[in-house]
Amino acid sequence: MDYSQFLAMKQEIGLLIVFLLVFLYDTFMPKKALNATAGFTCVVFAIYTLVSFCCLSACETVSAFSGMYTTGPVMSTIKNILNVGVLIVLIQATQWANSEFQIMRRGEFYELLLLTLFGMYLMISARHFLLFVIGLESASLPLAAMVAFDKQHYESHEAAIKYILTAVFSSAVFMMGLSFVYGLTGSLYFTDIYAGIGAEHSVMLIMALAFVISGIGFKLSLVPFHLWTADVYQGAPTSVTSYLSVISKGAAAFAFLVILVQAFGLAYSQVWEWMLYALIILTITVGNLFAIRQRNMKRFLAFSSVSQAGYIMLGVIAFNTTGLASMMYYILVYIFSNLAAFGVIGAIENATGKVNMDDYNGLYKTNPKLSFAMMLAMFSLAGIPPFAGFFSKFFIFTGAIQQGSTAIYVLVLIALINTIISLYYYLLVVKAMFINTENECVIPTFRSSCSERLGLWITVAGILLLGIVSFFYNSILSMTSSGGIMIDL
Amino acid sequence: MELTMLYYLIPSLFMFCCGVYGFVTRKNMIAILISLELMLNAVDINFVVFNRYLFPGNMEGMFFTLFAIAIAAAETALAIAIIINIFRVASDIDVREINKMKF
Amino acid sequence: MFDNILIYFVVIPVLMLAGVALCKNVKQIRAVAVVGSLALTALSVYLLLDYLHLRHVGATAQMLYTGSWAWFTPLNINLSVGVDGISIAMILLSSIILLTGSFASWTIAQPKEFFLWLILLSTGVFGFFISIDLFTMFMFYEVALIPMYLLIGVWGSGNKNYSAMKLTLMLMGGSAFLMLGLIGIYYHSAPEGQPLTWNLLEIARNGAISENWQLFLFPMTFVGFGVLGAMFPFHTWSPDGHASAPTAVSMLHAGVLMKLGGYGCFRVAIYLMPYAANELAWIFLILTGISVVYGAFSACVQTDLKYINAYSSVSHCGLVLFAILMLNTTAMSGAIMQMLSHGLMTALFFALIGMIYGRTHTRDIRQMGGLMQIMPYLAVCYVIAGMASLGLPGLSGFVAEMTIFVGSFQQGMTDYLAGAGSLRLVFTIIACCSIVITAVYILRVVGKLLLGPVYDDHHRELTDATWWERLSTATLIICVAAIGCFPNFFINLIKFTFSPEIFSVLNFTQHSGIASVLGMN
Amino acid sequence: MDVTLPIIILALPLFMFLFLGLLGKYMSHRLAGILGTAGMGITLICAYTVAFTYFFSGNPDFINAEGERLQQIVFNVTWLQFTPSLVLRLGFLIDPISSMMLVVITTISFMVHLYSNGYMRDHHGVWEKGFQRFYAFLSLFSFSMLGLVVATNIFQMYIFWELVGASSYLLIGFYYTKPSAVSASKKAFIVTRFADLGFLIGILILSFYAGTFDFTHLTSVAVEGLNHVYQVSEGTAQNILSIFANNPASTFMGASVLTWALVLIFMGGMGKSAMMPLHIWLPDAMEGPTPVSALIHAATMVVAGVYLVARLFPLYLMETAALDIIVVVGALTAFYAAMVACVQVDIKRVLAFSTISQIAFMMVSLGVARPEFHHGLGYMASMFHLFTHAMFKALLFLCAGALIHAIGSNDYTAMHGLRKYMPITHVTFLIGCLAIAGIIPFAGFFSKDEILTACFGHSIFWYIWMSCVAGLTAFYMFRLYFLIFWWKEHKVHDPHHAPHDQPWTMTLPLVILAVVSCFAGFVPFGNLVTWNGHPMFESVSFLTNLENLDWSVAAISLTVAVVAILIAMKMYKTENELPAKMRNALPALWDWCYHRFYWDELYMFITHRIIFGLVCKPIAWFDRHIIDGTMDSFATLTNKASWSIRGLQSGNVQTYVWIYLIGVILLGSITAICLI
């Protein structure tokens, strides 16, 4: 066997190095140096992100291990996008990780986080279901541990157990589906499956496909596989929640697209389009309907992220390069918007321990900057120009409609009408902060830690610039349309 | 008499269904974990059987099974750990009591 | 890029935003707002004169000052700008109302945030009027919509939360349809094989939207813009919204923002989809025709000053869309005149109402009376505004309405004689009736509010207008009178666009749509 | 003709309006009054010059070789271009009637300006509040009215038509603190607005078919066509009428389009000239200051309707159906108004109803005018009566103003026997009464006599009808006269404040107008104003009108008038029981007349009960509850849905898994079913 093939996995290796550095630092450094773990991780990871970003231009499509693993411009781009997100999460988590409860375990937090990221890399690059499953599991199991991180909070444990049980269940269902796919096609290579499944629709294969989709839909928290989301988001530590809500979603969405395109490509496109129509409509609508009532900010954002996942799936169903690019762009923008929101929530939670929307009443009077950042995040999530969210939404709709069928027009119309509902509940937050004043215990004016402020500044800058500055979208789109995974469309 | 694939698939499917049934009916979380194990093992059987009967040429199914077993073990370990935590906090492992966060 | 004058209509507001953000005290904020809006006004006046000069020396392009800068190249999205007489008229209107609006909100609470949002809103408005690229148009359109929520929610009065949310959601609902329509247009903007485009002019030149697609996309866009144009039955945001909004916001919203609706219907829906416009005109004719009289009748029994004006806006803006749907040069230019006239007039109304409310702290006409003796200046201005609104010659309302009626009647008779049904004729006459109803509710208000004995003796101590209030109202009155006295100037300004080769919908002589559907022969 | 004078005529009043309106409150009352009067005086001089040049200069622009008077457009600027053909111009047209109107308007307006200097201040010389505003409005009205009469096209006329409506609104509501004045002004504006709606639609129809607004075009086509019709042959009429005839829609609901257009336009005239049933605003309009009543609601604005019909007279001749309608409306109104005038107590109301009745006379006489009878005598008579009536009715109103100013009340019951105290007013008022009663040689006699002659020539029935009305006129005017100046001695509480004649500013106009009323009848109108410009008489002398009288008609009308006056004298000269007796004899009739046949109550019912109660309120309710309710219901439904599905998120892992499983199976199976 040719070990040089490992060299193809540049980013994975880079990530492993970061992981090892953090691990060694955490293990062998003297006690007092441990206070710097968080900073150390951030710095190292920032360096890694920068490097991998610079390598992006030099990156060309290579596949290793007889095609089990493939990386290319598009894959490295999405990985870089995830890196940026993770970096922001790390920065925002610093304050929380340094709080006295976590002081002993913060090293583990970073190590687990990096491991899950590694798993997501594998999910993205996998072209063989074995590798994919490994990636999937190593992306989800450590998360359970991270969700359970707040030992002193009961909610944390409840969230963890709900997460692990449903996760294992869904992976069982997923692998069941896989076993049938294997039985029908005789291979676990995407390309072989693509070749193996005939044009005719067999019930068994359709069921198998449904099982597989459910497995990934679970990670994307598509309705009806989303039920864990709200509880887990609410129970988990805010940093973990933000990580869950953006990074794993992004990775899963991309992997989903890869599987659908490469394994169940054209021959079965009709089948999974049917399923996706149903799933998307359900996801957007139910997510919105649940979000309307929520008072707990984290739970609220959980449901909003459910409906956002629906919008992300529009990029998948578009089934073309514009759709792919729009999806990646959407993920990027979504990372920034959502992390801005979670950054504010985390800052307030760390300072005052309040997470309810009613506690935010009159926030603008006391903490104008924070509420301003929160408002930008909300507007961006709601898709209000000139913030990035507007562009991502517009482009993902454009990409979807490019597919051109009448059904897609109906779908997009439903999605658009749902944006009104979503606008409603995003405005509720703005209303609480800017308009509502009746609040006996207003959140006092406080100065959030510099790490939190740094994170917020980054995200706000992203929200303001990602849309107006057309460079990001243009480069993504040019990259996707010039090769990448869509070649065989 | 000669054993066809069906003789293995039907039990594995049965196991899977038992697992699902156990998951949704048992109160005790340990029991639920066992049901999950049943489901995963059903998957393993499927892979092995398909590999053995349909595609004896390569070993993909077998390898997948090996990895799946490992993953299952990891999951169980993690789940047990969390359950113990819960037991510490709530001194109870009835899954139906674990519903403080809802709606 | 910055050699194009139009860009500065977006640049100046952005600079104003930065300026206000940096301001320390209210004086500086006022200064920034006034200086900025003065600059915008001056710029638009210069634009107007220069445009007329260019036309005079023989510029024949449909849009002048066109410029296009690549933005999202892979999707053919450019930042394309360009104006014709109509856009210039609208820009002029917007700048004047922004100026007077900033005077009208001289003593607003939390001035910094207020002006930030107000200027953001006007940025959207100006951007919308200068852009000829559907994407940027839509973007600026939504930029203009959303600050409304906070402006009403924070600075509003009465049932403000409900109104603000309702207004925002209804308008966003409209823009949801609009977005679908625009994307649909984009994908049919060019014949097979040629690159797609968002550019209005190119789309119109290609004329590649098939008839069936037009029939699907026209309602989307027309309703989308029509919601903002307060088209029946999507007008209900307007009464509540205007009633709760602070003065300057009502001014800008009724004065300018509602014009975005009419302008969009005219510039996008009708201009790009002539076939569908011709086929489906009858549906929207009925709706808008209804809203003309409906709004007027509803206004007759309201007791809240702002509700009265909101409903009269429904009636007048309904007339705008109504005239646009006549698909005939005269009526369409009348519609543009009506937009201008209504913009200034209703801004004046809301300014005055705000000033009166600021003194009496009630808007219920049953709680007031004889204000003419107490605050003569405001009262006289109110009478003038009322006269403009009921179409007194010499003020703007008259010319606009008369142009519309003459044009509509011509079109109606042409249809009728061509055997294309009498729908247009009937609804023209119905619309004419609105001038009587308007007189009724205007005089009712004037009589109850300004004339007669003083109702509440506490009002006797109230003061008349301050200098900034006088400035803002006087400016508006002068503009109203200017339009009313020299209408032909404005008609000449806008008439260039209405040539059949530019506006292909004018080529349709047989309005078969109505006949075939209603069978009125 | 050079444009300076016409421009001054229009511009000066407008300037005075702006000047006094904007700067009025910074100047003293007296100065404002003087300025306003002076401005009007200059306008008067200009107008006279223009009129006299037109009539008597013999300039070939104005009168051609065979003595036919021509229309001339002094200037005509494009104001608003609707379509290439339909252009709205503002211009200055002089022809017989417009010149005549210039004279009338400026004369009366000047008199009123002068008069108001005295009237608008109380006995102690304290000026009315808003005196400057009053003069500003007067100037505005004069401007609008002048613009109306010199209009070169029907749309210009409509513009100034609206403007006079507005200025009349402002002037009626001059005492804006009086609720009655406010509601009166509102009523006047809305009623006339409603009439103008008809006018507007009429204009639209006319302009659509004729392709122009211009009077010169419209009428000249018609005039020459009619000359053909009535003198040459029937055949050529067709091609003239054909502009209205050559299309499928030329008839609509049985009447020709032209009829519709003309009747609708006449509706506008009905509104302004207070023809039944649109007359209800005029009596209430007396809430305004008396000089305003004299200027607007007696002499000038209310005859705008007559002027409009006269202006379009050739077109009306093409559709005599419209003319017949005018006759009926006019005759009914005349009789109705005369009846009502007989029992009113408020002297201004009596005069108002007599105005309605007299305008109806003019309308009738226009309606009965036909070229084949005395070259359209009726047209000339109507214009003649317009002229004379303006003079003596203004006189009467100004007298009434003097009386009211002296007594401080509108009721004759507060007056009685004032002849000794106010001799000048007494004499002038008497002259006015004689004039309107049609006693030779006062102005009214000639004009009314021409009208009756015209009626006689048209149909005997209308002749008798109108003669009765003339008798009634004489009766109620002298009833008023006797009740004010005789009946019984005036009770004076203290001799220091005995009623007396008013200052010269008020008496001078009375005297002037009285003199005019005495001699206006001798103006040879037949040579100045005819429907097609052809003079009626060859030779003109001071006695032309006397020579050309139709003595049979004149004798009858004179006797009728005299008899009526005698009856009035019998009844009202000295205090007696006769009026009370008669009133008790016919109580129902008296009630109906006194309550003006309950027209106002009817209108109140229609507007308040029907329009407000059954249209506006339901619509407003519908909007709030149905339309808005639907919009809100979307929101509430969404909310309900959100609450109803909350159970899905039960918090129990096992249900989560159930839903998951069901989801997967449904997803797969439904897809499978759909696709296979």
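Just so it is clear, A, B, C and D label the chains in written order, and each chain counts residues from 1 on its own.
In this section, a contact is a pair of C-beta atoms (placed from the backbone, for glycine too) under 8 Å apart; a residue touches a chain by one contact, two chains touch by 3 or more.
Owing to the predicted nature of the structure, the values given are computational and were not obtained by experimental measurement.
Engineer: Higher C-beta contact count, C-D or A-C?
Structural biologist: Per the contact counts, C-D leads.
Engineer: Which chain has its C-alpha centre closest to the mean of all protein C-alpha atoms shown?
Structural biologist: The chain sitting closest to the overall C-alpha centre is C.
Engineer: So, what's the distance in Å between the C-alpha centres of subunit D and subunit C?
Structural biologist: Once rounded, the distance between the two centres reads 37 Å.
Engineer: With chain centres taken as the means of their Cα atoms, state the distance from subunit A to subunit C in Å.
Structural biologist: Chain centres of subunit A and subunit C, defined by C-alpha means, are spaced 43 Å apart.
Engineer: Whole-Å distance, subunit B centre to subunit D centre, using C-alpha means?
Structural biologist: Whole-Å distance between the two chain centres: 98.
Engineer: Express in whole angstrom the distance between the two chain centres, defined as the mean CA positions of subunit B and subunit C.
Structural biologist: 65
Engineer: Out of subunit B, which residues touch more than one other chain, so two or more?
Structural biologist: 23, 95, 98-103
Engineer: Residue numbers in subunit D touching 2 or more other chains?
Structural biologist: Each of 635, 646, 649, 651, 653, 657, 661 in subunit D touches at least two other chains.
Engineer: Listing for subunit C: what residues touch at least two other chains?
Structural biologist: Within subunit C, residues 169 contact more than one other chain.
Engineer: Kindly provide every pair of chains that touch.
Structural biologist: Result of the pairwise touch check is A-B, A-C, A-D, B-D, C-D.
Engineer: Can you list the residues on subunit A that touch subunit C in the complex?
Structural biologist: Touching subunit C: residues 322, 325, 379, 384-386, 390, 394-395, 397-398, 401-402, 404, 409, 412-413, 416-417, 419-420, 423-424, 427, 430-431, 434-435, 470, 473-474, 477-478, 481 of subunit A.
Engineer: Could you please specify the touching residues of subunit B with respect to subunit A in the complex?
Structural biologist: The touching residues are 16, 19, 23, 29, 32, 36, 39-40, 42-43, 46-47, 50-51, 54-55, 60-61, 63-64, 67-68, 71, 74-75, 78-79, 81-83, 85-86, 89-90, 95, 98-103.
Engineer: State the interface residues of subunit B toward subunit D in the complex, per the touch definition above.
Structural biologist: Against subunit D, the touching part of subunit B is residues 20, 23-25, 95-96, 98-103.
Engineer: Quick check on the complex: what are the subunit D residues that touch subunit C?
Structural biologist: On the subunit D side, the touching residues are 78-83, 86, 88, 155, 159-160, 162-163, 166, 169, 173, 176-179, 182-183, 186, 189-190, 193-194, 196-197, 200-201, 204-205, 207-208, 247-249, 612, 615-617, 619-620, 623, 627-628, 630-632, 635.
Engineer: Taking the complex as given, what residues does subunit D use to touch subunit A?
Structural biologist: Result: residues 635, 638-639, 641-643, 645-646, 648-649, 651, 653, 655-657, 659-665, 667-672, 674-676 of subunit D touch subunit A.
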